[in-house]
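These notes open a run of structures that come right after.
Both complexes below contain subunit A, partnered by subunit B and then by subunit C.
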Partner chain A sequence: MALILELAVQGAQMMLVLLLAPLLTGFVRKVKARLLRRQGPSLIQPYRDLLRLMRKEVVLADNASWLFRVTPYLIFAATWVAAALIPTFATGLTFSWTADLIAIVALLGSARFFLALAGMDVGTSFGGIGSSREVMIASLAEPAMLLIVFSLALVAGATQLSTVAAFMGSPQVGLRVSLGMSLIALVMVAVAENARIPVDNPSTHLELTMVHEAMILEYSGRHLAMIEFAAFLKLLLYVSLISCVFLPWGLAGVEAGPKSFALGAVAYLGKLALCGILLAVFETAIAKMRVFRVPDFLGAALMLALLGTLLLFVSRSL
Partner chain B sequence: MISGAAVLLWGVAALLGTAVLAIASSHGSGSGTRLIYSLTLGISAAVLLVLASRVADDPVTPSTAELPLGLPWIGAHFRLDALSTFFLVVVNFGGGMASLYGLGYGRHESAPHRVLPFFPAFLAGMNLVVLADDAFTFLLSWEFMSLASWALVMAHHREQDNARAGYIYLVMASFGTLALLLAFGLLAGPSGNYTFEAMRAAASAPLVAAFVLALMLLGAGSKAGLVPLHIWLPLAHPAAPSHVSALMSGVMTKVAIYGFIRVIFDLLGEPAWWSGVVVLFLGGLTAVLGILYALMEKDLKRLLAYSTIENVGVIFVSLGLALAFKANAMPSAAALALTAALFHVLNHSFFKSLLFFGAGAVLTATGERDMEKLGGLIHRMPLTSFAFLVGCVAISALPPFNGFVSEWLAFQAVLQSPDLPQWGLKVMVPAVGGLLALSAALAAACFVKAFGITFLGRPRSAAVELAHEVDRYSLAAMFTLAALCLLAGIVPGLVIDGLSAVTLPLLGSRMPVQMAEPWLSIVPIAASRSSYNGLLVFLFIAVSGSFAAFVIHRFASHALRRGPAWGCGFPDVTPAAQYTSISFAQPIRRVFGAFAFRAREKVEVPAPGETGPARLTVEIHDVIWETFYLPIGRAIDFATDHLNHLQFLTIRRYLTLVFLFLIVLLLVLALWP
Partner chain C sequence: MPALTDLILAGKGVDNHFPWSRAVVTSKRWSFAVEQLAEGHLSLLGLWGEPGTVHMALLDEAVGNIGVVSLLCPDGRYPSVGLLHPPALRLERAAADLFGLLPQGAPDTRRWLDHGYWGISFPLSAHVRTSVATAPPYQFLPAEGESLHQIPVGPVHAGIIEPGHFRFTASGETVVRLEERLGYTHKGIEGLMAGSDIDHAAKLAGRTSGDSTVAYSLAFSRAVEAALGIEVPARAVWLRALMAELERLANHLGDIGAICNDAAFALMHAHCGVLRERVLRASDAAFGHRLMRDRVVPGGVATYLNDEGTTAIWSLIAEIRQRFPALVELYDNTASLQDRTVATGRLKVELARQYRAGGYVGRASGRDFDARRSLAYPPYDALNFNVPLLQEGDVNARVWIRIHEVEQSLSLVEQILRQLPGGPIRVDLAQTGGPHEGMALVEGFRGDILAWLRIGKSGLIERCHLRDPSWFQWPLLEAAIEGNIVADFPLCNKSFNCSYSGHDL
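And then the complex of A and B:
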């Protein structure tokens, strides 16, 4: 009985991230539009977009291979699994030990690997430019992310995300310089990984500076729907990650009852809304940077994360 | 009962017999090739069976054998313990797979009499190095292995650059053996007992130990490809036939690592803490520079060879961590780091063999190694490309494949290191952890490029249009390795538990038993700290991917239409307009190139009105070659030029020289304290 309940909670978490992901993106778009004094699309527009794309036929380039057709499902699956492994409303779910934070980062790496390959499959210059820039960005963002993981792991004594979140919610944490640095670095990495302004612009298809959109230019119909869905999930994943580590309040514990689960879910929605508003304000306030300024931006994140880790090696209390 | 080591010596003898047979029969054509590779395949399989029975029976108790060969009053000693058992598995499994691949690939060989005799000899040499239990046998086998592989590198000696590759390899190999010779001389000490037994018993003074470490880094490091001693590797490995390249990259570098572990962890006794710093630094440098060089490469086999350098760096990082932990009496953390290193040794032998086999298949099908002339092979060679893709994902350290597991274990070992007391290590370890992460990310970029340019896109030359799938032996070898890459990724506990027999005698500790964990997770320390379950990750991805595909195809559209790719309004763009390997690496070259290659780009745009083409010139320097090797080469040229006239002296002057030298020697003896 207990096992069934645990599985139900785990399944609820998987469906929750799946259902909430488009809503978060819609919310960010709405807030951005309101900040620009536009009406903006409806909150549920991303769901409608997904449904519309799924119903349309796929137009496949003549020389697209099987890899091109499999990739959308692989990316969606890897991102979904990664997103479902991040604690949203509760820690210590049944399968939370399947992958620790390092493995979650690497799962996203797998998704990116296949997306970059799919960009090169058709053999157009657009796909190539997108893929080559994507791997350049990843080659800096991934080490930065891993160094952030190191900092968190050194503070909490674990790479297990549930343990990290539980530790961050306990009073032992205190104010630490290294955690501040990690937070800033994590936000920078999250912005880059999700192709948001100032690294990439999610709402353009016509600029030579685009990265993510260039890779998926040849996709259409249900394939595009899967990739878009994966992108929504990835945004949700990073927001969940930041909120479960740095805003761990309200998370239900290991042996929690339905009441604390409900409380955790409400707190989670609040955190999502807060992060969404902050992201929208940030994106509205700054301009997109040139693609070769991105290494400086990510290099700064990398250095901050490295500095945070070094500080922790110097003293565990910093 | 006959001991394990003696049985394996029979295996070596059989390999040498095969080599002799190959000399006798090599002028026969196809049947000779098939005979030799079948024999080596059979011998490797038999040796693996012997090793398997040993592992099942009792892997820890060493078994020894002695032959009345070698130096008269010493004899040749051989010993089989857990460490050598592990490396023998790597050697013979790699050898067996290369033989299986050779059954098909060898038929395309233009000069079989230059390959067939040396292939079994090379395998025998590697087996002997791992079995050797005294310095003389070790060095002799080491030289035998080097020379056999040199002969294989020179198999196609008339091709451009191969002679130069062979020459540089020979020089570096001799240099490495010289360093090893001196290291063993120091270990043997004044008593001059050359058995490993005696060296293990004798304690070395700290200064001697430091020299031994430096000499082993030079000797074993040059064979393994540590930066800056790697320069021969990307020349020599690709020059050999592809299954030999796979052996050299996947297995021979591992034999070098075996030599390093044997001396530093087993014979030398307690390490000093700073030895960890040195090994960590060299490992981190090797990993990042190796993969950056690989990214700049457009020759598929050279790219793979440079990536071998990166992986050797990763292994040395883990070894450095193990040394640091061992020096500070943290045996369980040391066991974790050494397990990570050995796991990566096994993984790299799987996926690098697989990738070289794939490159060989591409070479057979198209005659091209240059990626700029390939492309679109996924349509022509679907099976090869699938196996190659598995290798690419595995080597990029992506879950759920095996490369990720060893990388993950290395990161877990890094996270153990804040407890280390020395400041040098405290600063070095996180920096090297960052370098490790950087090299993993760059490796993913490199293999996106390798697979994307070679197999995806549109064909860049006519040769690709005519390519077709390779024979079934080659495919069998590739698919076996691909399956093992996945298997070691989803059931890593099996490998980790197997490795515990190796770490236990070397470090006095082992990782906790993994196969007893629920759901086959791996848990290095405690479940609340870190755990990873490749099996569940794989299942979750498979299930959720199929679920998504099923739901969409069942409830939404499954209509599909083919059309031309979007060409921005330009119809029929030529395949030359695709991204090439050089252009793919351009963003990364801009980020890292200035410091790693002194890369410079020059754009020449003709003045308005002129009709000449615009030109983009990229200048890349091999900084290590130019700063270390060219000056040495110039100095040797200079010295030989100026010493040349010593050849034309009169007899009186020669006698004077000899006399003066004698006096100098006597003076040295007299003044020596």
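And then the complex of A and C:
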């Protein structure tokens, strides 16, 4: 009986990320539109877009290989699993022993690997440009992400997210310079990974400036829906990760009752809204940087994460 | 004596060509004119054909004199201008496609406007040929080197913009060579104009490039009035300038926002978009059409402008004056935006001079020319304004030229509204005899638009040529992007904002 309940809670968590992901993207778009004095599309527009794409015919290039057709599902599956592993409203769920930070980084890395391959598969020049830029960004973002993981692991004594979240929520964590650096680095990595301004522009129509969009220019129909959905999930994943590690308040603990689950869910929604608003404000206030400035930007993230890790070797209390 | 006057006097003068003279010259004199162009003593305003004749409009910038030299070429061959003076190359290729006039010795004889889909060759020449054979694939200029790759972009783009093909040769992200291919929006305006009456031709002229409809109508109307020797009523002259400045305001405001938007700074785009919309609405209230299309007509203007319209424009000016400075400050103080625009897409001063680039493209690269001041056509001779000038030639300079021109246009609109005379707004076109030839050079928001036409004895247009400022700006975009990164092209392109429609005719 207890196992069934636990499985139900875990299942609820998986469905929750799936259902909330388009809403978060819709919310960010809405806030951005309001900041530009526009009405903006409705909050549920991303759901409608996904439905529309699912119903549409798939147009495939003549020379598209099996890889091109399989990649959307691979990306979606990997991203969904990664997003579902991160504690959203509760820690200590049934599958939480797999919720290892390194596993999450690896899942996202594989998804990116396949997307970059698919971008080059059809052989159009834009796909190639997009893949080459994406890999350039990834080659800096991934090491930065791993160093952030090391910092957290050194502080919390584990790379398992439930443990990290529990430790971060406890009073023994205190104020630490290295955690501040990790937070800044993680936000920078999140901006780059999710193709947001100033690294990439998710709403651009200019083929030559695209990174993420250039790779998926050849996709249509349900394939495109899968990739778009994976992008929504990835944004939710990073927001969840940041709020789970750095804003762990309100998370329901192990063996909690329905009441604390509800409280955790409300707190989670609040955190999503806060992060969404901050992202929209940040994106509105800044222009996109030149492609060759991106290494500087991510290099700063890498250096901050590295410094955070090194500080922890100097003194455990920093 | 200046070279241009010499040239014209040496040729056989053509009667009834106003307000400047035209002369038929010998092939030797033609070649002399080309040398003068190549040495920079004269500027090329335009080059166009007619069956058996090729015309070249020249400007002597030192004295502000304009003249047209014509060369009879019954066999369809004439000494190439582009051989020594590259800015003429595309004009020659267009004349070759339309009239079958072949420039002798031209370094580039590929087709330009004719992509091989018309079904006929040389549609405007005396001997139209049906062509059923498919054209050979267009040969782009080669670029050789290790690890160079080509990126074809367009003519269908991901956004809703005009069609044009851009062929990049890049080394990694750095552009080694850009070559444009245009002509996708060829509408055959010159062919439609031939044989149509003046009212219809005026409508066609106003549809050459939609964003410059006032400037085109103005250029065409002034050319007709010059040809027929018609004096336009004072109120019409001032109302025309009012419309031209409103058009300039709307386009510059839209451009400033759009350039920032191409750097993903949507905030400027949203606010500038609001201001542009206000200009369009005020224009609608004042002249009955948002873009003021067909409001400038040969002989005057079509709308009187009542008190309600005047009030709308006054409140528009007040609103822009109140809100625009904050936007300029936002542009200037956003470091991430400045990082994109400063030193991007630099156009050299020498190139701007050689191609006599008009408008913000030329004035951002040190070319001090504005048809409103240099030719001082009415009512600009009675108005106070400055022509902004910068030397940097980058995207930032082109934005700043627009910002300054917005300020100048605001002041011009105020001056015009204060001094607007009363009286009739239109006179009838009366014609005796013919043929009459007229030309006009008018400052549109992109730069100077040239209109040249001949009205036959029957009162119908025999030949009309409209030269968009973009003819001399498109080639410079190719030069400005060299050495920049591929991802900066949209920003450079938007800062040039050349017309596809006006160029393709």
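The rule is short, and it goes like this: the second predicted complex is superposed on the first by the 316 of 318 C-alpha atoms of A that agree within 3 Å, B and C clash if a C-alpha of one lies under 4 Å from a C-alpha of the other, contacts with A are read in each partner's own complex, and residues count from 1 in each chain.
Heads up, the rule we're going with is that contacts are C-beta pairs under 8 Å (C-beta built on N, C-alpha and C of every residue); 3 or more make two chains touch, one makes a residue touch a chain.
All values reported here derive from a predicted model rather than from experimental measurement.
Of the two partner chains placed by superposition, only subunit B is touched by A:Gly221; subunit C is not. After overlaying the two complexes on the shared chain, residue contacts for A:Arg290 are found with subunit C alone; subunit B is out of touch. A simple residue count on subunit A separates subunit B from subunit C, and the partner touching more is B. Looking at the shared chain after the overlay, A:Arg316 reaches subunit B, while subunit C stays out of its contact range.
Of the two partner chains placed around the shared chain by superposition, subunit B and subunit C are both touched by A:Ile129.
Of the two partner chains, neither subunit B nor subunit C is touched by A:Gln45. Of the two partner chains placed by superposition, only subunit B is touched by A:Met54; subunit C is not.
When both complexes are overlaid on chain A, the residue A:Gly157 reaches subunit B alone and has no touch with subunit C. Judged by the touch definition given at the top, the superposed model places A:Ala77 against subunit B, while subunit C stays out of reach. Residues 125-126, 129, 217, 291-292 of subunit A are contacted both by subunit B in one complex and by subunit C in the other. Against subunit C, the residues of subunit A that register as touching in their complex are 32, 35-38, 125-126, 129, 197-198, 201, 203-209, 217, 284-293. For subunit A in complex with subunit B, the residues that touch the partner chain are 51, 54-63, 65-67, 73-74, 76-78, 80-81, 95, 97-100, 102-103, 106-107, 109-110, 112-113, 116-117, 120-129, 131-133, 135-136, 138-143, 146-147, 150, 153-154, 157-160, 163, 217-218, 221-222, 225-226, 291-292, 295, 302, 306, 309-310, 312-314, 316. Across the complex, subunit C meets subunit A through its residues 149-153, 157-160, 173, 260, 262-267, 269-271, 274, 334, 336-337, 339-340, 485-490. The part of subunit B that touches subunit A in the complex is made up of residues 375-376, 378-379, 382, 389, 393, 396-399, 404, 408, 411-412, 414-415, 417-418, 426-427, 429-431, 433-434, 437-438, 440-442, 444-445, 447-449, 451-453, 456-458, 521, 527-533, 536-537, 540-542, 544-546, 548-549, 552, 556-568, 573, 575, 577-579, 583-588, 590-591.
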